[in-house]
Each structure stands twice: as C-alpha cells, then as structure tokens.
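Two complexes are shown next, each including chain A; its partner changes from chain B in the first to chain C in the second.
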Partner chain A sequence: MSVSVDVAVLWPALVPIAGLVLVLVADLVVPRLRRVPYAIAGVASIATVVATIPGLGLGGGSARSTFCISAAAGASGASGAAGAVAADLPQTCLWQADALTSTLQLAAALAAAVCIALAWPGASRRRPADATSEPVEAVLLLAALTGTVVVAASRDVGTWLVALELATLPVIALVALSGRRSAVAGATQLLVTSLVSFALLVLGVALWFAATGSPFLTPDAALSSGRAQGVGWFSYAPLGPGETATTMSGAAGATVVAWPSVSAGVLSLGVVLLLAGVGFKLSLVPFHAWTPTAYSGASTPIAAFLATVSKVAALAALLVVLRAVAALGTPALITIGVLAALSMTLGNLMALRQDDVVRLLAWSTVAQAGWVVMPLVSVSALGIGASATYLLAYVIGTLVAFAVVAVTLRERPDGRDLTAYDGLWHRKPWRAGALVLALTSLAGLPPGIIGLVGKVVALRPVIAEGWVWLAVVAAVNAVIGVAVYLRWLRGVITAPEPTSADEALPVTATTAATLATEQRRVALAGLVVAAAVLVVVSVQPDLLLRLLG
Partner chain B sequence: MALTLMLLLPLLGAVALIAIPGDESRVERGIALGTTVLTALLAVVVVTGRHEIDAPWIRSLGIRWHFGVDGISAALVILTALLTVAVVVHTLAGRFPAGGSGSTFLGCILLVETGALATFLARDAILFFIAFEVVLVPMWVLIRSFGDDHVPDERRSDAAGRFVLFTVLGSTLMLVGILFLVHHQGTSDLTELARLHGDGISRSLETAIAGMLLLGLGIKVPLWPVHTWLPPAHTVAPTAGSVLLAAVLLKMGTYGIVRLVVATVPNGLAALSPVLAILGVVGILWGGLACLVERDLKRLIAYSSVAHMGFVVLALASGSDTGLQAALLGNIAHGVVAALLFFVVGDLKEQWGSADLSTVRAGLRDTSPRLGVVLLVGLAAALGLPGLVSFWGEFLALYAAWSPAPDRPVALLRVCVVLGAVGLALAAAYSLRVARLVWSGEASGAAAEVPASSTAAGEAGRASTTGAPTVGAPAEGVAAEGVASAGGAVVDARGARWAVVLTLAVAVVVLGVLPQLLLGVSGPDAVRLITGAGVLP
Partner chain C sequence: MSWIVRMIVVLPALAALAGLLARRQRLLAAGIAIGMSAYVAVLAFIQWVAPARTADIESIGRLSTGALQVPLHLLSDRLSGLVALAVAVVVLAIQVFTAWYLRDDPRYGQFAATVSLFATGMLLLVQASDLVLILVGWEIMGWCSWLLIGHDSQRPEARRAAYKAFIVTRVADIGMVVGLVALAVRAGSTDLITVLTASGHDTALTVGLVGVIIGVAGKSGLIPFHDWLPDAMEGPTPASALIHAATMVAAGSYVIARLFSLYASHDGARTLLAVLASATMVYAALLAFAQTDLKRMLAYSTLSQIAIMLAALAAAPPDIGFAPAIGHLVAHAFFKALLFLGAGWLSVLAGATALAALRGRLHGTGALRWSIGLGLAALAGVPPLIGFFTKDSVIETSIEGATGGGGARAWLVVVALFVTVVLTATYCARAWLLLDTPLAAAEPQSGGSPNAATGSDVPEAVVVAEEDLAVVTAADSADDAEVERVHAHGHAPITLSAALAVATLAALTVFGTLLLFSLTGALKPGIVSALLSLLLVVGAAYAVWTLSDRGRHDVADRVPSHVRDRAVRGFGADTAYVGVGRAVTAVARLVVALDRDVVDAYPRATVVAARGLGRVGERSHRGVPSLSLLALLAGVVVIAVLGVTAWR
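And now, the complex of A and B:
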C-alpha cells in the first residue's frame, strides 16, 4: 500500500494554514500588532481564492485528487481520473476536489475575505490596557476557513469529522470574543448545539462504517453496503453494484445470505443522523434555536461569517455524504423535504416579526437553509448541483446585506434597527442600491436575477421527483419571503421626513469623525467586492451555474 | 438587433434615471421622453419586420435569450410601447406625484415597460417567467412611494404589499407549473412547446399543469376570487401606475394564459374550461354589481376591469379560434379603454383631491367639456357600445362561447353566455351611473346654489392658468383643490394631456370601426395556435 501526495492540489488548504502560522509567528515576534494579523488573514484568504481557481475548469466528473491510497505501488497522484462513479479504480483518494468542490471552496474563501474586510480593526484600541485580540481573531478566522476548505474535499470519515469541527469550533470562540454580554450567551448556545451536533455526526459516521465497512465517503463504499466486508456481524454477501438496487428495495436476491436490507437500513439511519448533525450547523428547523441568539450576540462581521462561510462548510459536508449515497439510486428522502418545508415556513414567519436587521437576517438564514436543502430531496447530481447553486446565490446576497449593515453600523450606532435604513435611498444611493439588489436577490425578485434563477434551479429537482406539495409549500414561502425583505426595503426607498433627516445628520457626522477612515474604507472595499460579484452573477447567472457543472 | 435595442433602451434609460440622484430636471425629462419614443419607434420596426433574436444565456439550464414577435404578441407590444409614451407625456405635462424624486418615478415607469415588453416577446417559458417578475418591484415602488398622498401611509403600504404578494404567489405557482411542463416535455422553448401541443403528457398531468398555470396566471388577470388585490392597488396608485397596471400588467396574465396554457396543454384547458367559464362569468357579474354601488371612481373602474377580463376568460374557455381571437381583441380593447378612463379619472382625482362619487360636484359637461367628452367615450366603450372597440371583444366572446369547440360543455357555456349578457346590461347601468354623476353632475342638482359658485370658481381657475400651461401646473393644482372644496369644478385638459386622451379616444373609435386591423394581425397565428400547428415567430 502506498500513499501519494500531490502538494499542488492541496494549495487551497495549505494557504490558509500558512497564513495562520504566519500570524502566530508575527504575534510572537511583535506582540500587540493590530492590523498586520488582519492583513495577513486577508491576503491568505485572497490567495486561497486564487488557489482554488485551477479546480474550477474541471468538467465531466474529473477531479484533482491526492492522498490516494492504492494497492499497487507507485500510483500517480493528480491523475485527474478519479471520477464520481469510478468504482473500478484501484485507488481511493482522501482528497478529491472537482469543479463543485472547488467552487464551494472559492465561495468560502471569498466570503471570508469580505468578512475580514468588514471586521478590519481600528488603528487605536479603546483603552490602552486592553489586550489585543486581533491576532487571535485572525487565527480563528483562518482556522475556520481551513476547516471549510478541507471538509469540502475530504472523502474519508476521519478528515471529514475533524475538518467539520475545525470549521465550527473557532467560530464559537469568535462569537465569544465579540465582547458583549449577549455574545457569551450566543457562544454558549452555539457550543452546546455544536456538541450535540458532533455527537450525532459521530454516531452517524459509526453507522456508516458499520453498514459499509469502509472509512471512505465515496460512492463505491456506499455501494459496498450490501457486502459489509470486515464488519463482524454481517455475513459476506457478494453483491455487485448492479444488484444493490434490489437490495435497497428490500427484495433480497437468492445470493444474499444475511440481512443486506438491515445493512441498507443502517446506512439510511446513518445518513439521516449525519443530516441531523449537519442540520444543526445549517440551522434547519428544528435545530435552529441557536441562530438568532448567536447572530445578534456576535459582532456583525462574525455574524456574516457564520451566515456565509459556516453555511458553506455545513452544506459542503452534507454534499460529500450525499454524493456518495447518490450512487445507490436512493429514493427521495422525505426527511429532507419535511425539514426544508419546516425551515422555510418558520424562518420566514419569524423573520417577518423582527425589528433588528441582524435578527431578521438570522431568521432569513433559517428560511434560506430550507431552500438550500430542498433540492436534495432528489439525491442525484441534479439535486446536489441545485443545492450548491442556491447556496451560492444565498451566500452572495447575504454577504452583501451584512456588508451594508456593517458599514452602516460604523456610521451610526443604531444601525441594527430597521428604522435606521429609512430613507437610505436618498442619503446613500449606492449603498441603498447594493442593499436593494441583495434583498431582492434573497427574495427571488428581479433585479436580483441570481436569486430568481436560484429559485428556479432549486425547484427543478423537486418537480423532477414529482413532489407537488413541497413545490406548493415553496411557492407560498416565496411569497412570505418577499414580504420579509420588502418590509426592510419599504423603509429604504421611502423619502425621509424632513425632521428625521435633520436629526440624523449631526449624529452621522460626529460618529464618522470619531471612527478611523481607513477602517471604513476597508469595510467599504469589502462591500464593493461583494456587490460587484452580485451584479456580475445577476447579469450573467451562467457564470455561477457553469462553475457547478 | 432592433429587438435587443428595443429591450435595452428602456432598461438603460431606467438605470440612468434611477442612478441620477437629482430631481426632475430637463435632462431627465429628455431621457425619459427620448427613450420611450425611440422604444416605440423600434417596437413598430420590430413588429413590422417580425424580428427575432436567439442567443444562449443560461446554458446550464438550457435557457436561451430568445425573443420574437408573432401575431399573438404584435398588438400587445405596440400597445405597451405607445402607452408608455402616453404615460410619460402625461406625467411630464403635469405635477409629479409626491413621495420621491421625479427621476425615480420615470425610471420605474421605464422598468415596467422593459419587463412588459420582455414578457410579450419572450419565446422561452422560463425567460417568460423571469420577465414576468421584472415589473413587480418597480410597480411596487410606484404604488408604495408615489401613491395617493391623501390616504394614510398604512393604506398605501397595504395596497402595494397586497399587489406584490398576490402577484408573487401567482407567478411562483406559475413557475411550478412551467417547471412541470418543461420537465415532462424536455424543452422550455415556447415554439416547440406549442408545436408539441400537449403530446406526451398524460391527460391528468396535463390538467394538473393547466390548473397550476391557470391559478398562477389567474391572479394576475385577475380572475374572480383572487381579484381582491386589484381595487386597492388601483385606488392608491398614481395615474401613471394605474394606467400601466390596467393596460399592461393585466394583459400579461391573459397573454400568459394564451401562450402557456392554450398553446401547450390544450387538453388540460379543455378539462378545466367549465371552471374557467364559471369564474369568468362570476367575475363579470361581481364586477358589474360592485360598480353599481362603488363610491370611489378609481375603484369602480378597477371593478369594471374585473368584469371586462371576465369576458376575456370566458372567450378563452370556449376553446375555438374565434374565442381566442375574441380574447386577444378584448385584451387590447380593455387596454386602450382602461388607459383612457384611468387617464381621465386620474386627472379628475388629482384636481378633486379624492375620487369619491358621493361628493357633490359640478358636472364636467359644464366645467370642462373636453374631459367630459373623452370620459363619455370611455364609458360608452366600457358598456360595449357597437362601433367602439370593446364591443367586438365582448360580442365575439359571447358568440364564441355560444358555439364552442366540440369538446366543451355546450349547455354550461350557453348558460354562461346568458349571464354574461346580463353582465353587459350591468355594464350599461354602471357606465350611465358614472356619466350621470360625473358628466352631467346630476348629484349636484340637490344643492342648487353649488353649480353657480363652482362655475365661477372654475372660471377663476381657468383665468389664472391660461398664461403658462406647464409652469403653472402646481398653481393649477392648488387652485383646483381650493375650488374642489367649494364645488368640484375642474380645469379642463389642455396641451399634452389633452393630446394623450384625445388620441386614445380616437383609437377607441377607429379600432371599433375597423376591428379587422387587429383581427387580421392575430388571425392566422391564432388558428395555428389553437390547432397546434406551431406559431412561427
């Protein structure tokens, strides 16, 4: 047995780690640095974006693989031949990055870069005795990014679990570090949730291993669930991939000597537990309770990080499992349909009642998570691609909305109230334009074409499975969603009352003067980058869709 | 090329207008007027030359940038382009509605035009859906921000929200239907779907798809039980918004039914045609009865729209090519007539401050004969007077429903025809009621002294504004509002606004005398559409 390592393929994971080490070293040499760690983190995430680009052009099921274990000696690493259904290949790779994976990695890295820009620290600390938390924050951000990048490409249960936790745990610390009292409550809730989620994930992984006898999250491992080699309590049942379908349906063939249907059942249970575990991180109902508390407790950039990078990590992890299971030709998963319907409905209804924009975005995340997993009712390439597409549309829209909130918060302390955005169109037309585009994109209305296309894409697999009830629930939720986002937009486009404008102006002037202009400029740059991406994919949605094949 | 330019021009104009932060300066007026006039010219070129464009857009979804014009859409394209010019001219000739900068207002009008033109021209089902959605946000802004500033903010918000939410529900249900259709037929090209004509789908599935599409599009039309968004939206919307809503947006619903349901799932439509006919007739009667007691003039015209669209739906339920022709003609007729009525009523409301019919006012006959005459023409058209454009749509609709396609329930449709005829009588009753109250001012007979004082005030108002027709517009409004409290005299239409309403009135008469102008355009394609021979762009 030999393991081949191809460093070139690993750059997307190595770059943030290198940045992380660099921050630590810098902090060791010159403590109390404030902006340098953030600069390093920003450069590292942008470099990660660049590192993922070679993987984007891969088409037709080819992937950049490394850490390949093969029985034969001297197997080449980045052969680019490990296809999605290459069951007959003699090697299994622990790292596989195809176009979909690379796109998710790119989205995570880009979102992280924008969040770092939004969180850019000021030149002077508030009190001279304050400890500098910036290097710690930079390290945690990069660690979470690394986890996200790795989990998307991982193909074995060990890496998958560790990477998923690596993507989650630093964020808890980041929430706690936000400093406010409510942040601790949010972080505690997030921590408890993560522990439960981790327990479910471990159990799910254990069941996966029990059912398949393979530590790999690959299609051929899933296909081997009938054979169950190396697991003590299942007898040997020589089933080929072709016969597995009959096994799944429960009608055992003559050659099956013992409980293949039990094995399939264990596999299904494992997948459902993994879904539940990831559901916590995606904040699907009924695993959503932490979301509003954590978001409103954290500072806005960290909330943005939670809403974008963490969601990419969670969905990427889920897709790794589901792509393996897709080879089984599993019938549509009713669990996912129910979770999606519940998340959409509850999330939208609660978002309708929020007056704090961060809480509104938190509940909107819950609702959008429902839309993200809805296409997965069809466990197929179509469903998986659609889910990833919707996730990216959501990430871009949410990122821009959070960026607008963060920039506004730098100018006026009440920037989290819905009323702070009244008349924004007249005060700051460009920023209001970005917000309009982001919110309409989340609502799925033009001019946010990408959100509209996302809804079309997300509904297609549901239709293909013939699930009318879910499609109708989604249609009704599209309406409630529009009500949610238009409630925010209503204030944005209305002309301000003369009196309120007069009150607002001096406040804006004084606070803007006290805040460092550089801090504001960097945050604005983050907003501009995110908004530019949103505009580009709204004009030509194909750019985004083609990345995902 | 001309087609792309025609779609891009209003879009770019809108972006420019919205991006310019300033107020209604000369530049913005120029941009708005220039783009709409150019777009209208291009629309004529596109329709006469039967232009088409077909380019890849979203390759991975198989959605093409495919626009083209045929006999079904030709008249609607022209109507939309010309009416937008009329709306812009009408807006520029008077006061901008309060609630925001004038350039935003004009930009929203142009965005609605873009969306409507794209909807009528789209040759791809999903592209149709996307274009269908484009009009929502600008229309919402028009109602929400620029709506009637005499009503409390909550009512504006309620009307605008109701409009958006109902329409989004409709379009999302339509999307579900479209996706089912596209999934089972394997193509989203409308020409191809029309050629398949429902082949390869089981009858029950076809019915389900038709049901979903009809429910979705029925909200937009609006069909009877789901029409409740229309009256508040019309009441609150500014004149420009009302005209676009009635003359353009409602047409998108019926056009969608023709394009998506009649052409692609004919058997499903046949199965549902009894329901459709009944809902259409209930709409006719409901709208007519509501008009008899409605006190707000704009609401009244909104209800009459529900009644008129009921005729269009009844015609579609008949399933014959005459029915389709009647529906298309009725569509255009309602567009022209509703636009005319809303222009006139919008003017009146602007000067009266409200459109409440129970307020005693002097008759238009005495105070402003020009507005009075065009209002009469509009009302006469609304009651279906022979020789005016609405007559043909409604007469043909009843005729087609009396002798429907062979697979339709004849007895039921004939009952519907009888009830529809009762609806025509109701239309006569409410039209004459409005004419009596507004045109001849008979309600004011009770208070004998009012006409005298109001006529005098009207003279004063006229005298104060003869010098500067455009510059004096705000003064005109102020004077008129002052007068309205005294007795409701109205400064007569003049200048550009007079030209707009006069043109529409002439169009009502000309198209009524020569309906073959419209029938000839849509005839061949309507036959091909109903038989499934495929509509060639």
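And now, the complex of A and C:
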C-alpha cells in the first residue's frame, strides 16, 4: 500500500496548525504578552486565506488531491472487501480540495481573521500573571479553523469525524471562557447537545460503513451499496471479484436481489443520522435549542465565530456526505426539506420577537440555516452549488452585522439592545451603511444584492425539482425575514438625531474609546475588511457565483 | 421640400428652448420668439405655395416596437399646408402682440417660450402622419395650456383655472389615448395612411372613433367638457388668443378631419359627434349672449364656433369631406385671433374686460374700432368677410348631407346651424352696440335694470357661495391681471408693430377667403342658404338694435336676472365638475378603506399569527439543556423514520 503525500496541497491545513504551535511556543517563551497570540493567530488565518487561493481556479471537477492510496497497493494490503472497492478505482484520496472546497476554506479563514480582529485584546499591554485567556483563545480559534479546513477536504470517515469534532469542541471552550454565568450555561447546553450529536455522527458513520463497506465518503463508495452487495456488512456470503463483476453486469441471482433494499435502507439511515448530527452544528430545528443561549452567553467575537466559521464547517461536512450520496441519483431528500422549512419558520418567528441584537442574530442564524440546506433537497451539483452560494452570502452578511455589533459594544455598554442603534445613521453614517448593507443582504433586499442573488439561487433547484410547497414556505419566510431585519433597520435610519439628553452616552463612549484606541482600530479594520468583501460581492455577485462554478 | 416640413416642427421647439435659456434678457427673448416665428411663417408660406404631396417624411426614425409599426413619419399636403400657414401666421401675430402686451411682465421670457412650445405642439400635430406624433403634439398643447393659463401664478383664480383646464382635458384625454391605441391596434401600425386604409375589426374601429371624439370633446370644449374654456380666460389675453384661435381647441377638428374617411363610414360615431356639436353650438351661443365680460363672451363664442366645425365634419357627405370644416377652422383662426388681440388692446385702454366697464370705450379709437368691428362682423357672418363664406359653406354642406342620405343627424346639424346663426348675430350685435355706443347716449338708462351689470352692486355672497366654486362674479373682469397691470403701469400707447399685427389679422379676416381657394371644396356657398342666413343675421341684428333702444341698454338685461346670473356662471357646470371630483375622491376613499380594512386584513392576520407563534416559541425555549436534548432526540427519531421511508 503506497500513500502519496503532496505537502503543497496541504498548506491550508498546515498553516493554522503552524500558527497554533507558534502561539504555544511564544506563550512559553514570553508568557505575559497579550497581543502576540492574537497577532500570530491573525497572521496565520490570513496566511490560510492565501494558501487556499491556488485551489479556487480549479474548474470542471478537477481537484487538488493528496494522501492518495493507489489501487494496486490497496488490493494487496486491505481486506478483500475493501480491495474490491479499490479495484474499481484508479486510486482513492483522503484529501480532495476542488474549487468548492477551497472556496469554503477561504471563507472560513477570512471569517476567522475578522473574528480575531474583533476579539483583539484591550488596552494594557501585559496581562496579569494568573490570566491565560489570550493564548488559549488564540489556540482554540486556530484549532477550530484547522478542523473546518480539514473537514471540508476530508474524504474518509475517520478524518471527517475527527476534523468535525476539532471544529466543534474548541468552540465550546471558547464560549465558556469568558466565565460569566450565562456563558457557562450556554457552553453547557452546547456541550450536551454536541455530545449527543457526536454519538449520532458516529452511529451514522458506522451505518455508512456497514452499508458500503468502505471508509471513504466518495461517490464510488456510495454506489457500491447499491450494486456490489458482496462487500456490504450485511452480506453474509462474501463474493469473489469475479462474481462481483457478474452482478455488475446485471445477471444477478435471487439472493443477490434481496439485499440491496436492506443495504440502501441502512445507507439512508446512516445519511439521515449524519444529517442530524451535522444539523446540530448548523442549528437546524429541532437541533437548534443551544443557539440563542450560547450566542448570548459568549462574547460577541466568539458568537460571530460560531455564526460563521462553525457554520462553514458544518455545511462543508454535510456537503462531503451529500456529494458522495449524489452519485446514487437520489432525486431528493424530504428530510432536508422538512428541516429547512421548520428552521426558517421558527427562526424567523423567534427573531421577530428579540430585543437583544445578539439573540436576534442567533435566531436569524437558525432561519438562515434553513435557507442554506433548502437547496440540498435536490441532491445534485446544482443544489450543492446553490447551498454553498447561499452559505457564503449568509456568512458575509452575518459577519458584517456581528462586526458592527462588536464595534458598537466597545463604545457603549448597552450595544446589545436594539434601541442602541436608533439614529446610528446620524451618528455613524459609515457604520450604519455597513449595517444596512449587511441586514438587507440577509433579508434579500437591494442594496444587499448578494442576499437577493443568494435567495434566487437557493430557490432555483427547489423549483427545478418541483418542491412547490417548500418554495411557498420559503417565499413566506422571505417576507417574514424582511420584517425581522427591517425591524432593526427602522430605528437605525428613521430615528431622529440624538437630542442633547442623549449626548451623555457618546461622551463616555469616547473616553472609553480613547482608552482602547488600538483595540478599536483593529476591530474597525475587521469590520472594514468584512464590509469591503460584502460591498464587492454585492456590486459584482458574479464573482461569488463564478467561484462556485 | 421635406426639410421645410421638418423645420416647421423643429424650429419652434428650438425657439422655446433658446427662449427659456435667454429668458432674463428681455430683448433677446423677444427677438428669438418673434424672429423664429416669422421664419416659420415664411417656411409655412412656402409649403403652402408649393406643397409636396408626401406622407413619408422621416422624423426621428422608426421605433422598434415589435409587431406594431411606428414609423413616426411626417406628411405634407394641401390640408396641412393651409392649416400650418394659418397657425404660423396667428402665432407670429400673437408673438408680436405679446412683446407689447406683456411689456411689464417680469416673466415675459417664459411666456414667449411657452407660446413657441405650444406652436411646436400644434405644428407637429398638423404635420404628423403618425398617431403617436399626433398624440405627442396633443399632449404638448395640453401641458402648455396649463402653463399659459396659469401664467399669473400668484393669483389663485389663475391657478385654479389652469388646473381646471388641465384636469378636464386630461380626463377627456383618456378617451383620446384609448381611441388612438384602438385605431393603431386595428391597423397594426400607427402610420396614418395605414390606419385610414385598414379594414375589419368593427369593435376596435368603434372604440377608436368614439374615444377620439371624447378626447376632442375635452380639448375642443364640447358639452360636457366645455366649462374649462371660459375659465381659461384667466390667462393673459395673448394666451387666450393662441388657445382659442388656431391651436388647442381647433386641434380636435383637425384630428377628426385627418381621420375623416374613417368617420364617413361610421354612422354611430358621427351621430354622437353631431349631437354633441349641435348641443354645444346652441348652448354656448346662448351663454355668450348672457355674458357680462368681453373675454368670456368670446370664449363662449369659441365653443360655439368650434362646434360648427365639428358639426360640419359630422354632417358632411363623404364626397365633400372635411374641407368646409377646415375652411371654417382657418377663418375662425383669423377672426378670433383678431378679436382677442383687439380685446386685449381695448382692455389696456380701458383697464378692464367687463362689458359694463367697456361701454362706449370703442368709440373713436380708429384702427381698434375697425378691427373689432371686422372681427365681430366676421364672427356673425357678414359678407364679404371670411366668416360669411366659410359658415355658409358649412351650412350648404350640411344641407347637402341632409338631403343626400345623412338623415336625422344632418338635419339636426342644419337646424342647430341656423339657430346658431341667429344667436351669433345677436350676441355680436349686442357686443358691438355696447362697445361702440358712446356712454353719454346710454347714461340716462344706466342702472335702470335691477341687475344692471354696472359694478359691485351684485352681492358677492349670491355668486360665490363656496370657496371652491367658480370665482367669477357677474361684474368681474375675467382677466384680473390685466386690470392690475393697467392700474400699476398706466395706459401705455400701443407700439406700431403690435398694431400692425392686429391690422394684419384684420386684413386676413377680409381677404383671407382667397387663401381657402387652395383647398378643394373649402368654399362652396349656396345661394339659398346664403340669402337665408344673411336675412337671419340682419333680422337678429335689427332686433337687437331695436330692443336695446339703439344701443342705449344692454339687451341682455331683458333676460330675467335669476336666469342671467346662472348663465353667467355657466349654469353650475363648475359645481358639477367639483361634484364629479368629489365623487371620484369618495370612491377612492372607499377603495382605500376596503383595501385597508378588508384586503389588508389578511396580511395583518399573518402579523398577528406570526407574533402569536413567536410568543409560543419563546415560552418553549427556556434555555435548559434537557429541553434541547429532548427536542434533539425527538427530531432524530422523526427524521430517521422520515428519511428511511422516503428514501428514493
């Protein structure tokens, strides 16, 4: 068995790991610096962005692959069953990064960089000796980013599971890290849900292996469940290579015909369990309950990380599975449709009632997750591309919204109230402009063109497959969603200029701001970067669409 | 040749633009307006002398509109040549006169530019060989009329009159647009020739012809749209002359003349036109008789005269066609412009337009006296003036139509025409006697009648009952601005050029008949009808002469005062308009209420439902891990069952 390793392909995963190690080393050497870990983490995530760029230009199904197990070696080294699978293939690669994967990795790295900028530590250059939160936070952020990058490219169940957990567990710690009561409550809920979900994932993976006999999450593996019964876990009469060939040619006996349905059923159960496990990370209803608690408990940058990088990880993981299943020609998955409809509806209805912007964004995440998975009812290249497009549009919009909240929170302590944004247009026109663009893009209204494009793209496969009821639910939710975001925007734009009585607050805010000028500047830079990306893709949505083919 | 046709349309537009840019330099603005209209008049004269008979002069190229052909061609023939010449001459005279008349107006530049634009609209309509261009010219005139009538925009009466004119004609224009669209759809093209030669689609034809009649009724002031025109006297006198003489109100006759071959084959539409025109003709002449204001009297006479043209179109036999109507259009253009400019001149001398204030003021004014005398005589139809020939041609044509198969429709027109002849002669004689009889002769009898229109003894409350009713009082001058102008600046002597303009129009009133020889069939007086109408005119004039005791009284005072007052106010047509407006507003309010309380109830119900569901959702999310675990497990079971059963 020979495994080829191409390090150049692995850079997107290696860079954050290197950054992680660097942070630890730096902390070991100069333990009391507060900003260095963040600087390293920021540089590492930006370097990750750069490392993913070579993968963006890949078109037409080509991929940058590594960890490839060549066919001959596989046949001689593995069991007969696995060998039979491998025999069909020239080689199987454990790491495959095509344009879609690279784009998701890039989005995750960019979002992580912005989150790190938002989390930039405060004024004093040196931290007290007993506090260790900065390097820990930096390490955890980088670890989660690594997990996200790896899960997107993984093609075997082992890597997939480990990477997904690597993307999840650090986030739980990050939520808990601020130490507030609400943070602990949020982290607890997140942890409990995540454990159960992990159990589901493992069960799903086990069923996958049972049905396909293959540890690979590839189309060939999925196909083998339908045709090569001999390799299935449930096949009590293993067949030789020759007999496999005959079943493939269609001359199968009665005993052979009996098994596919069981095998397919097992596979379907496996896929559905995987969906449930990932659905927790995507906060799909009914696996969403942790979302508002965790978001409002965590600090704003961490909430932003949860809402963006974690979502990218979850969708990337789901896409790995679905792209494998897509080869079966499964026309549609009603489960996904139901989850999408439930998530949108509940998320929007709840978001409509929130007065805390972080909770509002949390519920909006739930609703948007519904939109993200909705195109996947059509398990096809079209649906997968649409889903990724919508995810990116959502990630950019949410990132900007969270950045505005984070920057505002640094100026005024009541920055999480919806009323704190009244009259923002008069006080901070640029920031208000960014918020308007972000929220309209989430709502799918001009000037947030990218949100509108995303909604259209997401609806296209649904309509194409004839899921009319789902399209109707989506349309209704688009309307409710408009109400959700305009409720926030109304105060931003229409509220009159602050009267003299309100002036007291900005004054204290400025004193606070002067104390933390640099902190504020870095956070603002994060906001500017995110907003710039949003503006670019809003002006030229073509860019994003072309990235995803 | 075709460039002349294009220039005739384009130059006034350029003049309007240039005049607007140069509006602050008074001399320059006047130079542009007069120079350009003089040049256009020369071009129109050339076109009239040597008309190219063509209907496919390119304007701005065809529009790409898919199945519908929109070539946007202009045309040139004897009809367009004659009318264009009349329009150009009248516009020139008006521009020259305006330069003197509005000598103190700070907004003279805008006014002159608007007149140029107005001329563009009319000339475009005259030269158009395409329904779209006709509509464009039509709309330009509608908009310019709003500007011109409301020129003295600081006065609420002027603003109200402008809006009234605009809204009333706008409402009627709905019919015009629908009609033109129907005709275009029927022919598959907006080209005039194609439209005239298309066949089939009777419904579209009916809709088209009736729609155009409605639009024409609006702009030409047929009943029930007539009431905007007397109010339009709020505009400066040159604007009234322009609107009444050659352009806006006459445009309707021209459009129907252009579409005559379609109307000739459609009895229904012609009957509608005949009824409207006959009623308007008589009714407006009656009201003209009762008016206490010179300009308003002229306005009602315009309504009556335009109705004569339209009646000619309604009653003419197909073989004679539209020529008599167009002949009367041209004649009316000359004598009505003459009358209005003369009235403007007189009002500057007298400082008023109310007949009571003008009594005897014409005596001893030389050229002005001659001009107004000629104008009134032509209006009444006294030979050998142009009005006599054209009106008699119309009567003769109608009689031919009646005897030649026109039936009741044409007979109605004939009867109405003879009645109008009598009435026209009556009000012309009355006006002349009032204006010309020296005041000394009338003095002893002045104020003898309880409701003599001698001034402010008519109580305001009787007339102006409500603020949004007509603001005309029996003794009021229609053109208050003129009164103010005279009070402010005194009686400036007329300039030679302005007097020449009036004199030219007077000359055309006398000799203009010669122009009409260029249009076949425009002049066909019949001996019998001529003698009869002459007899009627003389009889009516004599009756007025006697009844008014040789001009010492106002013969209209013999009308019972309660009838007279209401006649002066147009028998409450304005109130009816206001009523219609209120009804429409009420319906709109009803629709709004229905929309808000019935239709919108469903969307609002979703709001309530969304809020309620949100509240339920909030109660069920208490943020404890056990609940979320429960949801998770239940969800897994559900989707597992769903997923496995629905797999493929």
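Assorted remarks:
The rule is simple: the second predicted complex is superposed on the first by the 474 of 549 C-alpha atoms of A that agree within 3 Å, B and C clash if a C-alpha of one lies under 4 Å from a C-alpha of the other, contacts with A are read in each partner's own complex, and residues count from 1 in each chain.
By our rule, contacts are C-beta pairs under 8 Å (C-beta built on N, C-alpha and C of every residue); 3 or more make two chains touch, one makes a residue touch a chain.
Treat the numbers as computed from the prediction; the structure is a model and nothing was measured.
Placing chain B and chain C on a common chain A by superposition gives a clash between them.
In the superposition on chain A, A:491 makes contact with neither chain B nor chain C. Legend: residue contacts after superposition of the two complexes on their common chain; A:460 is shown touching chain B, with no touch to chain C. Shared-chain residue A:192: touches chain C; no touch with chain B.
In the superposition on chain A, no contact is made by A:54 with either chain B or chain C.
Looking at the shared chain after the overlay, A:273 reaches chain C, while chain B stays out of its contact range.
Of the two partner chains placed by the overlay, only chain C lies in contact with A:352; chain B stays clear of it.
Using the contact criterion defined above for the overlaid structures, shared-chain residue A:287 touches chain C, although it does not reach chain B.
Within the superposed three-chain model, A:200 lies in touch with chain C and out of touch with chain B [touch as defined at top]. Listed for chain C are the stretches 4-12, 526-534 or 580-588, of which 580-588 clashes with chain B, judged after superposition on chain A.
Touched by chain B in one complex and by chain C in the other are residues 483 of chain A. Looking at the complex, you find that chain B touches chain A at residues 19, 21, 56-61, 99-101, 104, 115, 126, 129-130, 133-134, 136-137, 140-141, 144-145, 157, 161, 164-165, 168-169, 172-173, 175-176, 179-180, 183, 208. For chain C in complex with chain A, the residues that touch the partner chain are 610-611, 613-615, 617-618, 621, 623-625, 627-629, 631-636, 639-640, 642-644, 646-648. Those residues of chain A that touch chain C in the shared complex are 185, 188-189, 192-193, 196-197, 200, 264-265, 268-269, 271-273, 275-276, 279-280, 285-290, 292-293, 330-331, 333-335, 338-339, 346, 348-350, 352-353, 480, 483. Contact residues on chain A toward chain B in their complex (touch as defined above): 425-426, 429, 433, 440, 445-447, 449, 452-453, 455-457, 459-460, 463-464, 468, 471-472, 474-476, 478-479, 482-483, 486, 490, 493-495, 540-542, 545-546, 548-549.
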